[in-house]
Amino acid sequence: MSVRVCADPDEAMAGIEDGSTVLVGGFGMAGMPVELIDALIRQGATELTVVSNNAGNGDTGLAALLDKGRVRRIVCSFPRQSDSWVFDRLYREGRIELEVVPQGTLAERLRAAGAGIGAFYSPTGAGTPLAEGKETREIAGRTHVLEYPIKGDVALIGAHRADRMGNLVYRRTARNFGPVMATAATTVVAQVHEIVDIGALDPEAVVTPSIYVDRVVRAVSAA
Amino acid sequence: MSVRVCADPDEAMAGIEDGSTVLVGGFGMAGMPVELIDALIRQGATELTVVSNNAGNGDTGLAALLDKGRVRRIVCSFPRQSDSWVFDRLYREGRIELEVVPQGTLAERLRAAGAGIGAFYSPTGAGTPLAEGKETREIAGRTHVLEYPIKGDVALIGAHRADRMGNLVYRRTARNFGPVMATAATTVVAQVHEIVDIGALDPEAVVTPSIYVDRVVRAVSAA
Amino acid sequence: MNPTPPPHPVVEHLDRGPLTKHEMAARVARDIPHGSYVNLGIGQPTLVADHLPDGAGVVLHTENGMLNMGPAAQEGEIDPDLTNAGKIPVTELPGAAYFHHADSFAMMRGGHLDICVLGAFQVSAAGDLANWHTGAPDAIPAVGGAMDLAIGAKRVFVMMSLFTRDGAPKLVPECTYPLTGLRCVDRVYTDFATFQVGSGGATVLETFGISFADLAERLDGPLSRR
Amino acid sequence: MNPTPPPHPVVEHLDRGPLTKHEMAARVARDIPHGSYVNLGIGQPTLVADHLPDGAGVVLHTENGMLNMGPAAQEGEIDPDLTNAGKIPVTELPGAAYFHHADSFAMMRGGHLDICVLGAFQVSAAGDLANWHTGAPDAIPAVGGAMDLAIGAKRVFVMMSLFTRDGAPKLVPECTYPLTGLRCVDRVYTDFATFQVGSGGATVLETFGISFADLAERLDGPLSRR
């Protein structure tokens, strides 16, 4: 269905419910939808499951969402960073659940959700603690681990430009998880630096086609 | 390893062995690497397995390769077309094996080969004759069919432009199977309309990164 | 709990004959909401595009890797690199996007298309679809994207004549032709009637040039009326 | 059949001390063939880039979605949208390409990288790798892309000091730390020696500032010499 161009990030958070699974794009700060996360904090949804590569940095953005006690569970590849003190404290206090997933498996499980793949066998992690309890199968002489999709109720992603249909392009390594998460959630919200007219993006260079995008909002801090 | 810019399509066919599995790009004529197929005919490799969406049209290209008796087996989604008389005759004479694969499953099995996925569960085809004999599993209340990768020894694809590193861009719907097949074969040969200098392609718009491409050749018939 | 509202009666259009192909296409087009992402199958379903009003905001997908496909190319516009899934030259509308085959079918299989319109040999009352193979022993099997389209879209519409040339119904209690997909069809648009199919069986929504009673007589198996 | 050629003797560099970190990086760089596609892990392996000669034609991959990554960004070049996997600002070389995370890890898992250079806590003689978790019960687990890198590249090189600060060997008969990948490492470049590991066990290719005999004494388990 047609994209909604929202006036501000708060409008873009309409209807996000307590208990939702929220996919949050970004790798470090590149592609991190900071203004959407701030709006999600104001919106107030709680008991969230967050799926994101990291578990927040410093005291802002995802870390602030965690600090407010809104996140029950986080699924990520690399929670522990030099400035992940908010997550570290909550985890040590037993106030947040953690599922650690190898980064490529995280990306592929999100892709599977978006691509209608019921499950897939990956060699990543076979024989390691992260495969414990998972079904395995020998394929072509190699042990593979059965992995299931990760589907979001909402995805919050950062992109570079959107057109008024919702087509998205990204910039450099800020692309990272955005295009995959955009396929994997029921409601996809993109924060962009610029909204351009339909026809202004090169159809050969569109990375996320409009079909995946439900709401776009221009970042207030955009240059 | 670095790409080889070949002087002509014949040079690009070096080393293709009898019995190889050859992935052939294109959907109808869009993206069909006609000059590479002609060179493969001249090169003489036989007992081939060909993986391609269709089974040849008219009397040229893939149809000519079939007509010379070089193809033992073909894996495709849609062999029967109004002008697929060469395939039709060979098939009815029992001189070619056919594996029909749903088009999306064909694309996904090629992707799996390129992406190191050992196997995947797809809902496509469940309960139909094309799933007969295949392992199935109920996932989230839906029957899924277990599908295995299709890996090529060689991929022959058509693209629009290559740079001298082997990065590729495509044009419109001629993109089709090219980018997926480029990930799925040991040796990837691309026929392009134009070869440009390194740095001339927009890094945001490269569809097939150079890592996947082994040989490029400018089509003689290129405008 | 409110009581279930009384069902709308089936609408019987008895002042006219069955729908023509173009009328069927227009009928399907009427049920496509504004802003939908839609795939129109090869053959008759392609006609639906001609009946979408300007400003309907419908975005057409073609499984060979494109969104926002435009109408068939006219002379002078033909580009061999730009075709639809039937290999017919088409055009590009502003806001289009191109993608490769794995991404295109991921979009389909992942349930992102709102509606897919397909032709059919047979549809069962439960929504099973048979549209790829007549089952003739000497037929060369060729499935293309039919199975992916059948299971992928949020809603699958079938558009077909209700009877074969020999007069046999194509809406059937159980498909006898090889299946394309199980329990995947939502609506069936035919020349004589529009049906809802699925777990509740076949329900007639409206008829054209035939009464519900006569229709029920010409079809096998139970038939509800809305 | 020709007789097996006599093995090259292990080269013992006894006129010098063990390699410095930069010398280890240079040693790894020497073994990267012209035109290779390479991923350099976070930390020490990053130093290898400084020792690849101009014209080596080596293309660097960063798993956050880029090929042909350039050196670290200098002041004035910093772009928050362009970092490596360690979130350090980097630069772009001509011929670069960007892609999303699923495509980037498909490239790794699919075996398209020629070489990956990783740090390690422990490597076993059979090539098992432990580099993501010390096993300490209060450690917060964090794996990042380590497991994907370990199993994906055509050849996996480990670059590490041979002993912990306490003098315990990090090349071991069996890893005691939680594994990153099974039987995935090909070569181990350390300050004291370069090893081949795998199904044939650990083989010393060269030593630095230590004799083979002394090295064998300081390590547990059998050790072959080339």
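The chains carry the letters A, B, C and D, assigned in the order they are written, with residues numbered from 1 in each.
Everything below uses one rule, namely that a contact is a pair of C-beta atoms (placed from the backbone, for glycine too) under 8 Å apart; a residue touches a chain by one contact, two chains touch by 3 or more.
For each chain, UniProt lists the protein as follows: A, B = 3-oxoadipate CoA-transferase subunit A; C, D = 3-oxoadipate CoA-transferase subunit B.
Being a predicted model, the structure only gives us computed values, none of them experimental.
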Quick one: which chains contact subunit A and subunit D both? B
For subunit C and subunit D, what's the span in angstrom between their mean Cα positions? 55
Whole-Å gap separating subunit A and subunit B, where each centre is the average of the chain's CA atoms: 33
Please compute the C-alpha centroid of subunit A, do the same for subunit C, then give the distance between them in whole Å. 35
Going through subunit D residue by residue, note those that touch at least 2 other chains and give them in order. 92, 98-99, 106, 108-109, 152
Got the subunit A residues that touch at least 2 other chains? 108, 111, 115-117, 122-123, 170-172, 204, 207
What kind of graph do the touching chains make: line, ring, star, complete, other? other
Each pair of chains that touches, named by its two labels: A-B, A-C, A-D, B-C, B-D
Enumerate the contact residues on subunit A facing subunit C in the complex. 1-2, 111, 113-117, 163-165, 167, 183, 198-199, 201, 203-204, 206, 209-212
In the complex, the residues of subunit D that touch subunit A are 62-66, 79-83, 87, 92, 98-102, 104-106, 108-109, 133, 138-148, 151-152, 178-182
List the residues on subunit C that touch subunit A in their complex, please. 33-37, 57, 59, 61, 67-68, 92, 94-99, 106-114, 152
Considering only the defined contacts, which subunit B positions touch subunit C in the complex? 27-31, 53, 77-81, 87-88, 91-92, 98, 100-105, 107-108, 110-111, 122-130, 143, 160, 170-180, 207
Contact footprint of subunit B on subunit A as seen in their complex: 108, 112, 115-123, 137, 139-140, 142, 144, 148, 169-172, 202, 204-205, 207
